[in-house]
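Chain nomenclature is as follows: A, B, C and D, assigned in order of appearance, with residue numbering initiated at 1 for each chain independently.
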Amino acid sequence: MSATIMSLAQTQAFLDSEFPQMQAGGRAYHLEAVGPLSARMRLEAHERFLRPGATVSGPAMMALADYALYAAILANIGPVALAVTTNLTFNFLRKPASGDLMAECRLLKLGRRLAVGEVAITSVGHEDIVCHATGTYSIPPR
Amino acid sequence: MSATIMSLAQTQAFLDSEFPQMQAGGRAYHLEAVGPLSARMRLEAHERFLRPGATVSGPAMMALADYALYAAILANIGPVALAVTTNLTFNFLRKPASGDLMAECRLLKLGRRLAVGEVAITSVGHEDIVCHATGTYSIPPR
Amino acid sequence: MSATIMSLAQTQAFLDSEFPQMQAGGRAYHLEAVGPLSARMRLEAHERFLRPGATVSGPAMMALADYALYAAILANIGPVALAVTTNLTFNFLRKPASGDLMAECRLLKLGRRLAVGEVAITSVGHEDIVCHATGTYSIPPR
Amino acid sequence: MSATIMSLAQTQAFLDSEFPQMQAGGRAYHLEAVGPLSARMRLEAHERFLRPGATVSGPAMMALADYALYAAILANIGPVALAVTTNLTFNFLRKPASGDLMAECRLLKLGRRLAVGEVAITSVGHEDIVCHATGTYSIPPR
């Protein structure tokens, strides 16, 4: 039994219907888990995200962090709310390894009007964080 | 006579050779001006950047800000240096209008080791800033 | 005739009554101007803010930026609202010169629920920005 | 046996000699632990840090986060290096309870030129994070 309002499958389905363009060019963002104030999303290292050297680009990591945070919020507040990103801060720590990336995110606050979370992105199979992000989302009146 | 180390054409050519994937799917990022500690870049509102409602997505704006700051740094330090993005902070202020976006950027510091700049993104033909960003870039020893 | 809701004197008086502790140890924060979406505040280089070398400390600059942004919001929305700082981002660009600091701030957005602004801090008599900040404030329902 | 380069006592002594003004008005910042890529610092709720309502002010939390990160870096690189804060980002999540605050910090990267860390500040005896910060520090050539 899930402690989130939407299950993993429900959250993925909602994201797919709201943001079909994220998967344009082939499904690459895979929501792997949602939990109380948390979510985990994997980014497949599709050609379209790669920089020379076969590592995922900075902009692709930024999109992943935003999308994963959005998924965590949605799973925890339900599909009625349309949260809007208001602030995102990224620290790029190291070059990722080639291959898929994993975003682990945790909501630090889920208020009535604002949600704030952090994301740690790692290369799958590696421990070091390659990109750390924090984000704030405005939640419309419900 | 330009006060930058690389001209507009040289900077665009260098970006094209270093980051060909940015223009994959059709040229969309157009560097329009470079100057002392500044640059201006336009993002064409290609289908691949659009959200429902025909406005450019947040991740596309983040990529634009990063790319424009990178261009400003390159034009001002020359092609030998490979700057690396270390920090980016975005404030999303309003939904953009449909259509192209313009990024105006200004370097606040261009040191030997770090460059810091800010970017204001507007919808072309509108005054209000839709996204404001600041970024830090690490410059390798020359 | 002022285009702000509160005049300079009214805004300073409101700040003094709400945040008396900012001036504890001697008046040091001087609001010098308020305008439409803007404010300017000077920080006197009191002993209590100094680092070895007689330059103002980083934390003192952070307090100044927050306080100046708060003043700009207050002047533009009036004394009824109690805005709360939700996000602050600082880029420290250079060591300040010894002496007073000046914070120039500009609101990038003044919405019903969120205000976002930027601040440039300089050493009085010098042009270079020593610290750049952006801040977000949550505005309670009015 | 400590895995850090400086012990807790050595780090505190170095901070005291470098930043005596942090403790002006009475010792309030207490470094409680240093470890590999980590540090913990407590801020006593002295009168000089309080806002109306007896909670610690935002600027006091910002100073605490910066100081704690600095301590974590020092303990892990030794007293020779003079790191300089280049970027700090704060998310203010909730009003703190009255009383002391605790800053737990963790370095996400400790490179040759840049160190990046995050800090979670809680009210002592409470679990919820009241302020989350990330910071970047430039480390001079050694």
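The rule we apply is simple: a residue touches a chain if its C-beta (ideal position, glycine included) is under 8 Å from a C-beta of that chain, and two chains touch if they have at least 3 such contacts.
This one's a predicted model, so the numbers in the text were calculated from it and none came from an experiment.
Common neighbours of chain A and chain C under the contact rule above are B, D.
Most remote from chain D, judged by the distance between CA-atom centroids, is B. Chain A and chain D have Cα centroids separated by 29 Å.
Spacing of chain B relative to chain D, judged by their CA centroids, is 34 angstrom.
With centres set at the average Cα position, the gap from chain C to chain D is 23 Å. The residues of chain A that reach two or more other chains are 86-87, 89, 91, 116, 136, listed in rising order. On the chain B side of its complex with chain C, the touching residues are 89, 91, 93-94, 108-109, 116, 118, 129, 132, 134, 136. For chain D in complex with chain B, the touching residues are 86-87, 89, 113-114, 116, 136, 138. Those residues of chain C that touch chain D in the complex are listed here as 18-19, 21, 24, 48, 50-52, 57-59, 62-63, 66, 84-92.
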